[in-house]
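In the two complexes below, subunit A is the common chain; its partner is subunit B in one and subunit C in the other.
For the complex of A and B:
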């Protein structure tokens, strides 16, 4: 029996949930702290860093898409805002990324509110279509106004030597620790939102917008608040990406693939859970990096092909994602029939 | 002069936009599903026509009927396997099922055929016809004619046949249709097959003036949605009119703007239409008149 039917009334016990969450948090923290011991190669470290980066962004997407079912297909816009703000401030005005990244986050919040006020009037499908259009508009504008953005040539950060105050480190492990810190921050934000009044309001909107409104929830304000937090988290990811990869162009910034990946990790991990999206990224990013290394040339499309299939299969068979499945598994072990 | 020529070109291209968008709006109207993979079915139609030409020497316009039928059959299978289980699911599942489908189809095509451009040479590819002081490329003209015929046939099907009427009944009120003995699941299967089949057919008829490549679907996807939203999601007649309008707007804007900005105008209209008149421009005009 698939659990895609009516939502089951059996909710995993609170004790079970807490225990699983605590166990996972400990495992995660241990894995992060011990990284220098088991991450031997630079390639593995790069993957671990990307895991944390995409985990952060997927958690950010989920605040709006997962908690409230407001599906954005254009979240890469906030990634782009974060990346370009940091990059341009550094290149044109020698502003340190330590300030540039927060600036990008603030700008993304403003952009998010500007996008949100008109598009949140649109229900379901229309919101997804509207955000998809914004992605394309951003791509066209950033390609066209090349005097500001470098156009298709993109932005490349100058060689800066190893200056920590300019976000440039000698040892790649520092990038990893910063990304890991970012993801822990995103996890905390994700948990805080889920357990707060905002989280309850978002879930009420997801279950039934009309009923939520009748219950006195200000729909626009609730969605805008979630979008602001979501945009800031994704923009932080964008700013970090700029510093880590040191290059951005319109096609990689306003990429549909980036938007889809954020959602994909969240859906596979579990959109109703505060840690599901991070779990999804931990599983899929390494897979994606290794396959893209193995499959080159004519075989390269097989990687994305597999993700598309995985997405469809998960939606059809396990729409609640791995997180819910793990919790149920735990519950079954815990409360074994006597 | 350039404006006049652009206007005519835009009308001809718009006819094909209209046909693809009619398929999309039909699926939405009947099933309440936004198919993000519509552009990929167009791409499959193009490749079918390309291989029909290369392997059997078939002209793309001749192959278009076969391409449409094959894509129709593929659509019916896809509807059974992927769409039917999520027909009553929340938007998250609905949107990402078809998004996943589009990722699968475009990458499967890339793995099978490579990312190169695949084009065909036809005897009429370089011919243009003088028309009231302008020159109409024959390939555009033929594609427009094919699209017009297909759209007219669909219109007759929806209005003059029992099955077509049953499909419209399902779109209007599914429960009432069930009470009248209509099987909605059969209608869904047929509507999805028809909707993507039209895109496959359209892909084949435009092959003489463009090239096929696996990612071409994404070039069309937002234009299709602009047309569908302008015409009112679910309205076949609206999609036909809006398709022509978008073709003209896109073509005429190249006269005034840089080529890179050609689609910007279309997308801005799209966002404006979404925000200002979510029910479709045509509908709101009609309502205001009434």
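For the complex of A and C:
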């Protein structure tokens, strides 16, 4: 075989590769939707539901934190807005969460724009610190105005039987499917944004804000747009959480842990791909749940320790995230001669 | 519009105790190709940054098409038709060459497919089309400078300021670049301000030359008279 002929054999047709990728996506989607039938226990199904919930929120966080590298540590605020809006609308006004969740998303967009205009003036690390302060502010406000929020006692949803129209289901499998649907929606949004003009602008801001300005990009407006979408996605997660757990208080709503987890899953999964954050949540949520389940009593502190060590190892080995690594392997697979 | 495309009225820029631009005033008419010369530290790059409002003037006004644009956000200046390339080349390193130019094209063309087509044309014009799919960080410095020029063209400016795009080019490549500058100026009607250390190139291509020294505009005229200007000769020979 001549040298000139060899490479052409290696290069697959674009359409062939697209078809394989689409088939792979369908298989993964099938695996996700079939989860209730192979995870076994109700506890495992609950973890699968949490995976989808955190996958959704991490994908939402990534639109701004990952694509544009605007690291927000205050995204739990949008989670809180989503959770409290659905909770309060249901408790005080008997509004169905099916409307409460979209209302929470809309409110989160407004809150996001209100927060973004001052905080985006802060550059780099100061932006992260500024957003971190939001958690404190939210916690204090929601604790203090207890006539609206229930204060430190939090909100508990009333028990009113299994009424699907009020987002109350008899079987946990329904919660799982709703969370899975939410995550699929977040994945589609994430993909759409990445491949749109907005996605290119966000990446430009991440790589070189100076060059982005010289290309005519309005930095503030672009970041605000991403923050609005990001806030809405995270608020949807918060609304779902309220219905799933049926309880929220300022400590769990404005939790640093929630904020960090969104960022962490995205960073481990891969911030530059549209599906990386979901991958991160799929791996890390079960891991943290099981390590804290298996190691109890005097061994309990080992759970978080093992989890922390594992994170360090992954970050050292794959600093650009698992998604990028997998993509490169995939790329190599198509280039190597068969 | 009959007035000048660009007008500076006693523009100064101070950095602490240093006066990087001192009472600079000049006009540029639409369609001109103007060379900007001067020794290192004369304030040439600061001039471009002050016009595009990356480093807004400390005092004085920048007028574009008769409107005072002093203090405008950079992106608004760019959207209105002025952009520049940078001495310290600014590209998006992790993106492909094509994506770099696409981002410029997206300013006035919101449809991705059309913006991509336009970006390919701009890359062909600038001679980088064969490298379209490479990450920008893999280019040589000279190619990155050309890439920045392609991106600047993609935003469809009326006034384009080019800060040293010839550095690191071979003699033949300088010739090609000069042809491109002329083509941009004549065929595309873009008004050009060009900072260049390659004196032969700048004198050959420019219709008019502005000479700077220590933040002051010391000569403004056609290339041959500026090169004979005693102050310019002093500034250059005094350095050597």
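As a working rule, the second predicted complex is superposed on the first by the 288 of 338 C-alpha atoms of A that agree within 3 Å, B and C clash if a C-alpha of one lies under 4 Å from a C-alpha of the other, contacts with A are read in each partner's own complex, and residues count from 1 in each chain.
Note that a residue touches a chain if its C-beta (ideal position, glycine included) is under 8 Å from a C-beta of that chain, and two chains touch if they have at least 3 such contacts.
Keep in mind it's a predicted model, so treat the numbers as computed, not measured.
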(request) Tell me which partner A:200 touches in the superposition: subunit B (first), subunit C (second), both or neither. (result) second
(message) With both structures fitted on chain A, tell me whether subunit B or subunit C touches more of subunit A's residues.
(response) B
(request) Please indicate which partner A:171 is in contact with in the superposed arrangement: first for subunit B, second for subunit C, both, or neither. (result) neither
(request) Report for A:43: first if it touches subunit B alone, second if subunit C alone, otherwise both or neither. (result) neither
(message) Quick check on the superposed pair: does A:260 touch subunit B, subunit C, both, or neither? Answer first, second, both or neither.
(response) first
(request) Answer with first, second, both or neither: which of subunit B and subunit C does A:219 touch in the superposed model? (result) second
(message) Output check: A:211 vs subunit B and subunit C. Expected answer is one of first, second, both, neither. What do you get?
(response) second
(message) After the superposition on A, what does A:148 contact: first (subunit B), second (subunit C), both or neither?
(response) neither
(message) Applying the document's contact rule, which stretches of subunit A touch subunit C when the two form their complex?
(response) 195-197, 200-201, 203-204, 207-208, 210-219
(request) State the interface residues of subunit C toward subunit A in the complex, per the touch definition above. (result) 52, 54, 73-76, 78-79, 83-84, 86, 90-95, 99, 102-104, 106-107, 110, 112, 115, 148, 151-152, 154-155
(message) Residue numbers of subunit A touching subunit B in their complex, please.
(response) 4, 65-66, 69, 71, 73, 118-119, 121-122, 124-126, 128-130, 132-134, 136-137, 140-141, 143-144, 206, 256, 260, 263-264, 267, 271, 298-302, 304-305, 307-309, 311-312, 315-316, 319
(request) In the complex, go through subunit B and note every residue touching subunit A. (result) 34, 82, 85-86, 89-93, 95-97, 99-104, 107-108, 110-111, 114, 214, 218, 221-222, 225-226, 229, 233, 258, 260-261, 263-264, 267-268, 270-271, 274-275, 278
